[in-house]
């Protein structure tokens, strides 16, 4: 910006953007950015006191990223999100990312997000779909707090309550997960397909999705490609 | 603390003190640019392609080619048909068939090596993963063809280019490769020579025995 | 063949919200120069006033995430170039960072410097091109865009010299960068950085006082801060509204903590602020570039044990984000221990920044919609993936 548009008093020292003073003295007072595991555990303790009967359990991440997560039961999701957003010393006001994951093999899901304590529910018998939320706090500058929610199965019990009423940023992301994974977000204001066209039948990001073979002729003579093309375009 | 805003706005009456002054200022910039484009070098940024061409940098990559040593593209081909590039290629545009002799033994060279450049996305991963210094990215860019399907499917004869070409294209990289290969060849030769020598001495060792036996006789 | 998404979506989207014969339904896009690609908005107008606006996506959808789940980790790197094709190197960095987090890979100091230099140059490219595009959207088609592209071209030439490609760089690797800087490259960048300030002065002179620009952008499309945060808006859009949220500062990654720079903030978050904030950010990027070029250390450009082939991150998941030029660019990866990611998810800033476009446009004129869309700064490669 040229000088005429920026008065000297507008300039601020670079350290004025340092995190604001963290006021509350509890376990969350100084969450360490480098170890979100303490974050998930601390938030879990708060949630257990606030919602004694809520189905929330800690899931540990075996990888080097140590972003541990909280498995939330679908029924409690909206309450938990609202609590996380509105409690002043938590203030998770920013839902950054919503991912859908397909787990046809539930044991794999429990390997990536291992149950940490006695409340960890045992692995489901059938596969399920999972939605993962990454929450941050813009005011307290902490995160990510990872929440995971699982559907009952992959066929008919694919309902999860929508969090759009709490976090508007989930609107398009939930639509995308509905489109690509088939998770039905109950209470979503406008649940339509977003990336695929409306008449599309399947959910392409599911692991068992079979891609159509009706693509255009491709000259690379890969055996599989050629075979598929020949199958589709029956030679006269 | 509420951070203060950096963008200052002039209050509306000041903004409109002389209507059109901002527009005029902008037009001065345009006029300056136009006039300077006749005599200032940094304003003359275009070249009259195809009569003139902007130089391409040595790092520039377009489509892959296969490098061969010596004169004969078939005999000197460095490719051993290991299919690493075929596996690693992100859009799967490489197709390789290994050449085998009558007994089905691998000849360690490709019978078919096709690259579909209509699918290739010039990422250069094939060149990066090749352990045999065989595949490199070319700098050639005028490749339009009338035939979309077969014209853009490059076969082995089209892909093979000499090591000299590589040297001309990217002297630094090719020089390093040549030096490394020379060391390897020399080492191999030395190992071979040592083996030969050892075989010779073994033979010599084995041979003299009867002679030594025979000598006293 | 697939059915045409344009026709099949129409009936569902354009179901009349208000049964009023006086309302005019306009399908803005997908082939329209002001929609920045194949993006469509179904706008319902009452006279000239927008009463309903529904964005329609998917014309450029190629299911990049599915492709990535079927290939090796490295093979997705060139695909990330094609997300936000204006700034491929930021995408490279975001993805490399996510994988490095997933596998616990250290990055050598020199590589971090190279990454910062490239990311800030990319920010210059993006914001410069943005200035050209937004003026094009307002009807100043030609000069502004040409000036912007002239400067962008200089940076792209540098990228070509370093990475081999002007846009599709495919340059970052897990644990560093693909190759070292060519001889004399950093001197060229220094020269470019020195010359960039005068160009920005010129560009600002060109547009800052322009009465047409002022009357079309002032007090257009602003929303309260809380709504923006709740709507997931990030990047210059959020900072223009006065929220000091820049991941380079609040969640520092790479070596950004070492540099002295500020986060410029706007006041109201209207389109004027969104344009001006990008100029201020470019000034800060130049500051970072000066410092990074001065301090550029010697050393390795990639971790010596970095693996290119057969790379298998350990079991686990990771979410990593960077401050891309358009906003928060995140990658969420789940590894099941094999060579292919089990889940590969991108958090695209352009896509999520569009969440609130209807709220921004309601009650304004149709012509304002174009300016607001331009000020959001979307790239369809990233929106539709």
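Every chain is named by a letter (A, B and C) in the order it is written, and numbering of its residues begins at 1.
The working rule: a contact is a pair of C-beta atoms (placed from the backbone, for glycine too) under 8 Å apart; a residue touches a chain by one contact, two chains touch by 3 or more.
Being a predicted model, the structure only gives us computed values, none of them experimental.
> Which two chains meet at the most C-beta pairs?
Here the largest contact count links A-C.
> Which chain's C-alpha centroid is most distant from that of chain B?
Most distant chain from chain B: A.
> Centre to centre, by mean C-alpha position, how many angstrom separate chain A and chain B?
Taking the average C-alpha coordinate of chain A and of chain B, the gap between them is 40 Å.
> For chain A and chain C, let me know how many angstrom lie between their CA-based centres, rounded off.
So the centroids are 21 Å from each other.
> What whole-number Å value describes the gap between the mean CA coordinates of chain B and chain C?
Each chain's C-alpha centroid was found; their separation is 29 Å.
> Counting only residues that touch at least 2 other chains, which ones in chain A make the list?
Correct list: 1, 5, 11-12, 17.
> Touching two or more other chains, which residues of chain B qualify?
3-7
> Mind pulling the chain C residues that touch 2 or more other chains?
Residues 205, 208, 244, 264, 276, 280 of chain C touch two or more partner chains.
> Can you name the residues of chain C that touch chain B in the complex?
Contacts found on chain C: 71-72, 74-79, 143, 147, 150, 153, 157, 160-165, 168, 170, 178-179, 182, 195, 202, 205-214, 218, 240, 242, 244, 264-267, 272-273, 276-277, 280, 308-309.
> Which chain C residues qualify as touching chain A in the complex?
1-5, 8-9, 12-13, 57-58, 61, 63, 65-66, 101-104, 201, 204-205, 208, 226-227, 229-233, 243-246, 249-251, 260-264, 276, 279-280, 283, 313-321, 328, 330, 332, 334-336, 342-343, 345, 347, 351-352, 354-356, 384-385
> Tell me, which parts of chain A touch chain C in their complex?
Listed in rising order, the residues of chain A that touch chain C are 1-2, 5, 11-12, 14, 17, 19, 33, 61-65, 67, 93-97, 99-101, 108, 111-113, 132, 134, 136, 138, 141, 143-144, 146, 167-173, 180, 192-199, 204-205, 209, 214.
> Which positions of chain B touch chain C when the two form their complex?
3-7, 9, 15-16, 19-23, 25-26, 28-30, 33, 42, 45, 56-61, 84, 88-90, 121-125, 128-129, 137
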